[in-house]
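Let me begin by presenting the structure, written as structure tokens, before commenting on it.
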């Protein structure tokens, strides 16, 4: 096995200039949630998987008791209408653990994407704010200047000097290494507190993807998950405020 | 020397579709204890060893003052009865230190196994519970759905969503990478508190291996070790409870 | 992409035995500040960039919303007068993250330098003192004994056994690996407290480079930055002394 | 440059079955002190050096202001009497930083040793006790059983199960990997508290090397260093006992 290895499952799909949409685990799992939801919704078909020696040496256990080696997976979806584009969708269990592993994983993702004809991409991730937020905005960064304007029309926000530290991880690196190969692309970053998985932020990102791709996506499953997470967050906060109240009560006794 | 290097000791054994049974160091050292006991009991013969640049740069000192480079070792055993199968047994001083080292070690184990004709495997490990346990159960996960049923007959337990985090390390990776090469296999995980080496859990795992392989194994040495460990665990607990009693006594003086 | 990869941008420049001047991020960012100032001042032209799998998997976001993969960049400048030399200037976002990454990055820098004819170099960095300093001196270390004398004439200081721990990072390694290839070179280390970026130390280093290269550099931008940093340092100190005064006030109340 | 690279300085020496004696940095720097003292005393001649991408990216600064890339160095010495053997001596600034780096460094040391005809070795190190010791003993471990007996005659001690954790680092790995290539060898470990460099332990090791090699070594420089270190250790202890006395005085005031 190579350091990073891709294998097609069945025949290589024949696609017409497909768009790559990537969502791997990250802050708030925003990108992964969004792409997994998209895959389920459009019933995309798995066609390739990537293994890497820089993923953890780990298998997951399926509900039927069989194991599954951790990986990244490619799916495709063929356009149904004239105003749509073929899609390839990438998600997975992990990003690379080391810098080198990240670079090699992203190179392999670009290789497979080129092999099925993709030269444009949307990479999805979260932008951790460290505080709660009512309505998450979606920031963007692009390979080409003219794309910034287009993305604003779709509702993405461009804030000067944000994120200040740039983009770390596969979503940024795909644009960076992709640009060197002539890919055009946009990274969308849904604002998120970053403490828990964030379906609300994933929904905000998907709304923009819906406009770009002209695909109707039923977001109710994401909305349900979002309510569950909000309820968990609420409980956590109560527990915290109770324990800090106890502490301040204790402190009063000292005085 | 390659990154991971195997060398045969003497002639390559001629075996008839042997079963691979693996037990490397891990939680409670369950797998290693089980396979070492099996090797001793059936008087298996060493036929190959693996060195790796991802093992620690370390030698052990034998009782006669000579050194031994840390390694993994393969043994074989030839079936004595018609209802038995030839075995190859793998144990060792270490698993790989890094992700890459783990993947490459497991690939090499699979290479050697294929070279002597093995395409089926049982990998043995521990499942750390973090609390004490009266009668350790043995969980299992498999490469193929139909194996789950078979293993239940031998007394293995299948719990949905356990272990929740999947299997990390060589025992899981052997199934994961092996499956890609057409191996069939089962990982047995003996429940263990995980604090100390756990011969009791190793015994539970070996009982299942006895049924699968139709080999009679004398478990008295493991049982003796188990009683020793229980006595050590008991002493440790007493020391702990005494020291915490002292602490609470001290605290009373403050009041 | 190779582990470390260089690509020329446009045509390879034709230079006459250029001097390499390197300044990558480090203590007080002294070297990077100095070389960036030099590049701006002489309007040097970018001609090559280096990417490495040992840089972080990161892109920065430009002010126009486009991304830029982290890299190291080469610039050149052609001599205008008879007493000047052609220059190649190297700066960048990062040094290598690991030992191996550092060695491979430096080898690549030397490769590119040789390709455009350079066999002499000045590497710029900071020498962290851990305390404030009125007038930063510039220490030096060289590949050849006779260079020490020459550098003293230009105002560099040579202190026996300083820096005691030698030079860690690209500035030292360029001399070390360069010497094995027949490069001659000097490392200049501007004294710096090392807490903040230090334009004052960068200015001290550039003053020596001006004498060596016979290039007039307008240092006013650096001086302005230095005043800003001094003002920030001043504020930080006041905040610190206030908070420690508060603490000692609190302590008094206890007594 | 290769991951680990050796270069001969001048002509390769013609030696008659030389003995390799290795002493790299480690606990108490025992091995390095011993081999450096031996090199100085017999006026051994440097003939090769090793660089590695797994050494730190660092240069040291010589007293004349020139730099020296960190390395390992080989010296040779030709026998003067009939009862002596030619020697090659290895010391250096660092061992490899990572496991892989250690394995590759040791392989390269064995390559060079074989190239000049060595198939026997003595590796020198320290055995950290964590407490002070009056007369350091010298433990040994060997590649071959019969060597244990021989070494006892020279005054080395063999203690069953010591060091319990085996030998970690180049001294052990040279025996381990060397044995696979047919080298015979002994590792001597001078007992040492392990807190400071330990010339006394180095002297104990060299006394055995003197008997084995029939070379007279003037140990006075090591003895002088040992007295200096003892004086430093004494001062450190006084400072410590004073500060703990102060603390207990303070504590009395509370009561």
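Labels A, B, C and D are assigned to the chains in the order they are written; within every chain, residues are numbered from 1.
Everything below uses one rule, namely that a residue touches a chain if its C-beta (ideal position, glycine included) is under 8 Å from a C-beta of that chain, and two chains touch if they have at least 3 such contacts.
Only a predicted model underlies this, so the values are computations on that prediction, with no experimental measurement involved.
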item	value
Chains in simultaneous contact with chain B and chain D	none
Interface numbering overlap (same over half, different under half) for chain A and chain B	different
Taking each chain's C-alpha mean as its centre, the one farthest from chain D	A
Whole-Å gap between the CA centroids of chain B and chain C	53
Chain C and chain D, separation of their C-alpha mean positions in angstrom	37
Multi-partner residues of chain B (at least 2 other chains)	none
Pairs of chains found to touch, sorted by chain label	A-B, A-C, B-D, C-D
Partner chain C, residues of chain A touching it in the complex	96, 99-100, 102-104, 106-107, 140-145, 148, 158, 160-163, 165-170, 172-173, 175-177, 179-180, 187
Complex interface listing, chain A residues touching chain B	1, 3, 51, 53-61, 63-70, 97, 101
